[in-house]
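The next part holds the structures, each set out as structure tokens.
Both complexes shown next keep chain A, but they swap its partner, so chain B is in the first and chain C is in the second.
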Partner chain A sequence: MLLNRLKAGGPAIAKQGILVAFILFMIVFSLMSDRFLTADNIMSVFRQSAIIGVMAVGVTIVVIGGNLDLSVGSMLSFATVLVVDLHDKIGPELAIPIMVLATLCLGAINGFLIGILRLNSLIVTLGMLSAIQGLVLIYSGGQNVDIVDQRGTWFAIFGRGSVLGIAAPILIFGLMAIIFHVIMSTMPFGRKVYAVGGNPTASVFSGIPRSRVVFTTYLISALCVAVAAIILGSRVMGSQNNVGQGYELQVLAAVILGGTSLLGGAGSILKTVLGVLMLAFIQNGLILMGQPYYTQWLVTWVVIIVAVWLDVAAKRGRLFSPIA
Partner chain B sequence: MTNKMRILLASCGTLALASAASADTVRIGITQNNVGIDSYQTTYERAFIAAADANPDVEVIVLDAGGDVARQISQMQDLIQQNVDAIIIWPTDGQAVVPAVRNAHRAEIPVIVTNSNIAEAGMEFIAAFSGPNNIQQGIYSAEMMCDALEGEGQIVQITGMPGYTTAIERQQGFDERLAEMCPGVTQLDIQPGDWNRERAQRTMETFLTRFDQIDGVYSGDDNMGVGALNAAIAANRAEGMVFIGATNFAVGYDAMGRGEYWGSVYQSPVDDAKAALQTALDVLAGEDVPKLNYFDTPKITQDNMEEFDRPVF
Partner chain C sequence: MSDQQEPALRLKGIVKTFPGVRALDGVDFEVMPGEVHALLGENGAGKSTLMKVLAGMHQPDEGQIIIAGKPVRMTTPIEAKAQGVVLIHQELSLVPEMSAAENIYLGELPLKRFGRVDWTTLFERSNAILKRLNCNFRGEVTVANLSIANQQMVEIARALTVDARVVVFDEPTASLTDAEKVVLFEIINDLKARGVGIVYISHRMDEIFTLSDRITVLRDGAYRGTLTTADTDEDEVTRLMIGRSLDLSRDTAEHSLGEVVLEVRDLSCAPLFKKISFSVRAGEVVGFYGLVGAGRTEIAETLFGLRSPDSGEILVDGSPVQINAPADAIKLGISLVPENRKEQGLVLSMNCRDNMTLPQVQNLTTGPFVSSGAEIAIFDKYRDKLEIKTPSWRQTTRVLSGGNQQKIVIGKWLSMHPRVLIVDEPTRGIDVGSKSEIHMLLRALAAQGYAVIVISSEMPEVLRVSDRIVAMYSGQIMREFTAEQVTEDSLVQAISGIRTSEVA
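The block that comes next holds the complex of A and B.
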């Protein structure tokens, strides 16, 4: 069995269930399509996954802290509509900071309700999902927004530019992932998030400012959404009112696939990155093989469930277990 | 929205009292799908109210279901209770609203369906349908694709949200007409873009990786078409590639002006709204109205685009 070999490889490998699933998956796909493992395609998938990826970095931190954020989808719509609309009105150098501040305000509302008032995060962010969508519609009056001068604006660098042949969205995604990985794994703030998510009561008795930590995780999530909105707006050069609709579930799927516990206290940003890439490669690979869309929906979720199972099984050291 | 509704309802109420004596005035209620979710529906509502205001013999009660089937069904019941002369409905769900439409039919209130038709089972309960012919739009797009490629080439198709009537019908019209008119044009693959420009851009990027030669792209609307165009430009492969869309958007119109986009189908929400009101008035006037009333959605290409106003969405 695969698992026995995993265990024989030592505990270090046994803990990397998601990595093993990812590699297996890549091998299968590259056998089925000769275009799959080309440099062009890999770059293309990395670039496509950047928007979901940046958002997933923020949501991972929220989830490690023991909460959920379902409002990121409509927050993305809000931020993208705002930055694209303001771009033509006041120019990108003002549009970007105003959009970032406005999005942080939404994050602060989430943080206040969940961190300070201690309301249930599922209910609050589900409510915010709908409330923010309403806000977008009020702001835009239902109109799509577009950047008129698409070729002449420096705003294009975030979505369409590149440095040394690497597309800007990939660099931004990579940078965000590394920064927050370092914060989460080496800095006191990171340890506090794990503590609050793992055992809220114990963390309070240990003198950790739980409310402030949770509040900050929602600010980080909103910041990530703002960055994702810059990439999205720059890449598409326009926005629909509901552009982010459904993205919250893709983000959450990537976070779960990365092995972050929905109960809080455990998870890793780098593994979320793996989850994001795996989802993007599945969608890409199935289109490369010419599979119809319903296969994509089916396969995506089968893979998520199998990967989560492999991950859990690797941690337990056995495929089936009556106890968790 | 609620305030606007309240004012409209209140004014309609008073107007109804005031005009109770004049038998010529007709009261028409409309329950819309989801105003504000996109520019098309927003413009539609404005145009509908403007058209009703321009006609002194018409009072309208304007409601919006906010995309919620349950709310739309209760709005139908409200309108039946108010005993309006006719009801116009933009179905949130073609299947689920059928019982509500049947109730109106039983109360002898004629129902006019606008924009997207209801399910086959409900057809016997409606007075008429007024809206675009999506199959015809697909046929137009196929004809433009044939013309542009001169009957020879390899194309890909990016469809709307799977399951949406509009998406299904446009694809159906396109596929059938293309196969019949120019068998020399082959479709390499068909994948959804979910009416979302970023999603369509991603789908097109993968097509570009997968196929070395793509001569044309048909998208279920211009919003997705421009996403596909963006992807092709970024890959330096847009030169000579033919982009055909449907529901001409402002971005598609502009790209056409730059010579990057070949053609689309012009569908005006203003025409859509006016046609719905006119159909209702024709029904009330006792005219012999056909079950299916399609308003004209002509082809728009780089050659004839000056004849059309730039779309407002």
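The block that comes next holds the complex of A and C.
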């Protein structure tokens, strides 16, 4: 049966493309470096992927809803700078809720422009990307911010703490992924996001409040950024003005690698998690092999192209398509 | 058609398989020069695959394509065109931002030295072709600014850039008005007179019987026979197509009418429709008949909360209501099966069950979670009730046939127990067999007490399902007929804007 499906152009493999590629990479890297498959290394990769991962959860939901969010990178800069700066001024118990609210406001702007006014999400969030970066610089006056008493604050537990030997960032990432996976796959809201992303017109004709659904996806994305900012600020205990620069592309790469369709209506949070881990392991593996860090960008790009190709091939039922 | 004449095109024993499907199973087909040969079959019978083989988009696994006596192999549409075989697609495949002339010569623009486009020649040649087609626009016009019918003309003009031997029309009238159809038929007859062989694919029997010389029927990818149009009738063709005969008579079973459920008073929405008044009773089917653009769909959209009216009243069960969004309409028990199934009716990437329960998913919960059991129960109930053919609720709706897709949309609303069911073009693009099933279903629903509004541009359909018929012209109601009063003539007059004195 497998052979038959292979003959048909390989969709059997292609459908699980991400998983197969993931396993292949793991095998190759573990052969090339004996440190790769150690518990220590794996844990550290998990921990490092948590920030991208939490953000990717939100962006996956936006993309399933048929839109893009490129503003998450500079939104992360904004949220991290804000929470770190306010920490020493008003204490963490006030800094965190204020930062979360402020970040949600940014998400609401995205949601209003894209959901309610129906503007193109690529243009809106690309604009927000630079607008928010500007906002950060205005707020901080170009100064990097630090938390002075790094040992005495409970704020440290989010980035540096651990429960039962598992680092807090990993737990937070896991929790966020599970919560939103459950929402997306078993709750009415999730169903509506898939419907709106799959066919906005038909959703409206079925009485689904399309504008509100899209608006909410951007709030969720902003919430995820706020959570990522707590992990990042707590781990670093300080923040540069442009700490989130380039994160939007890594996040989007993970989402695409996880097989979420950029056309909307299809995708899965758990597969995004796989995409996040795969990117993280590739980057880690390349470093262990002694490659300079910038090689990872080249390799990442190749991996994404192959993933997209296999995805398209699976839909077409063959690897090459002479006529559209 | 004399016996010694060579066919313009001949397909012999064409076999084409796709993984798991034998799409074409030894199909024979031929077109003589100067003949209109209709190709018929239900959706999925293999018509489109056969035409793609002919246009060089698919390679046949077995069999021969013979053009003017010579066996040929064609691997691209350009090669097929060079052989004189041109396909006019069902869905327009024009580049809307370009001029008509550029579209006509797309892929083969006349060039000057250094690969520069020879605009003078391009416009000269394309204007000559457009003139031959009696088009009232020039090649310089941007395609996006043309009406659908004129865009179709551009598509046809494309076929005439070469000395076409065979032109294939795939459902050409799907988006044309009656007047535009007349022009199209003239062109087809003109091509025919020039000795071009025409392959004509359509679901509409009346067109096929007006136009064609012979009819070839496919069923399940296999050749079922060729009939001479003059010697056959719709009945025989249908039997060949669906393998059984079809009951086309009107369901006259009397059922008692209930109270007025929906009433509309002086509803206006400039410039789409004005002063619309009508009412629908429980157990009644009211047909809305008129030309495309007469305002029927817009009225339906207003009743469903997708447009807001300028003035007028909507009453449900005798009390005035405000409908600002589809959610309001749904709450009042008004539901709409929209005109365009694939764009407005279904989320094609979702499975059958999820599509059917979409409007009520918020209420089908146990705790915060969607109750899968409740959803499957609803799906099973309406699958059985409407006889939806699908292997499982997990099937994505994309792969279902048009008839089954339409039943999912109807089931979606029935499961909400509405009072009023508005059905816009219920059988567009649906094959004959499923068509009559849907007609019977609409009658049956009325008998169960639903108030049903059917909007249709097909007269036989309106005549068959309606208890009363509202004829519309240019945003106004011209006349109302009861099923007993109505005649085809008076109906045509009414929708063409001709006022006749009311006959008692």
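Here, the second predicted complex is superposed on the first by the 300 of 324 C-alpha atoms of A that agree within 3 Å, B and C clash if a C-alpha of one lies under 4 Å from a C-alpha of the other, contacts with A are read in each partner's own complex, and residues count from 1 in each chain.
What we mean here is this: contacts are C-beta pairs under 8 Å (C-beta built on N, C-alpha and C of every residue); 3 or more make two chains touch, one makes a residue touch a chain.
Values in this document were obtained by computation on a predicted structure and should not be read as measured data.
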Using the superposition on chain A described above, determine whether A:Pro188 touches chain B (first), chain C (second), both, or neither. second
Could you say whether A:Lys271 touches chain B, chain C, both of them, or neither, answering first, second, both or neither? neither
Looking at the overlay, does A:Ile208 come into contact with chain B only (first), chain C only (second), both, or neither? second
Tell me the contact category for A:Tyr293 with respect to chain B and chain C: first, second, both or neither. first
Which partner does A:His87 reach: the first (chain B), the second (chain C), both, or neither? neither
Check the contacts made with chain A and report whether chain B or chain C touches more of its residues. B
Going by the contact rule set out at the top, does A:Gln48 touch chain B (first), chain C (second), both, or neither? first
By the touch definition above, which chain A residues appear in both interfaces, chain B in one complex and chain C in the other? none
Could you pull out which chain A residues touch chain B in their complex? 33, 35, 38, 40-41, 44, 47-48, 51, 137, 141-144, 146, 148, 160, 232, 235-238, 240-243, 283-284, 287-288, 290, 292-294
Note: in the complex, chain B contacts chain A through residues 35-39, 41-42, 162, 189-192, 195-198, 201-203, 205-207, 209-210, 223, 226-227, 230, 234, 249-251, 254, 312-313
Under the touch definition given earlier, write down the residues of chain C that touch chain A in their complex. 19-20, 57, 76, 304, 306, 325-327, 329-330, 336, 338, 343-350, 354, 358-359, 361-362, 364-365, 368-370, 412
Which chain A residues qualify as touching chain C in the complex? 4, 7-9, 186-188, 191-192, 194-195, 198-199, 201-209, 265-266, 317, 323
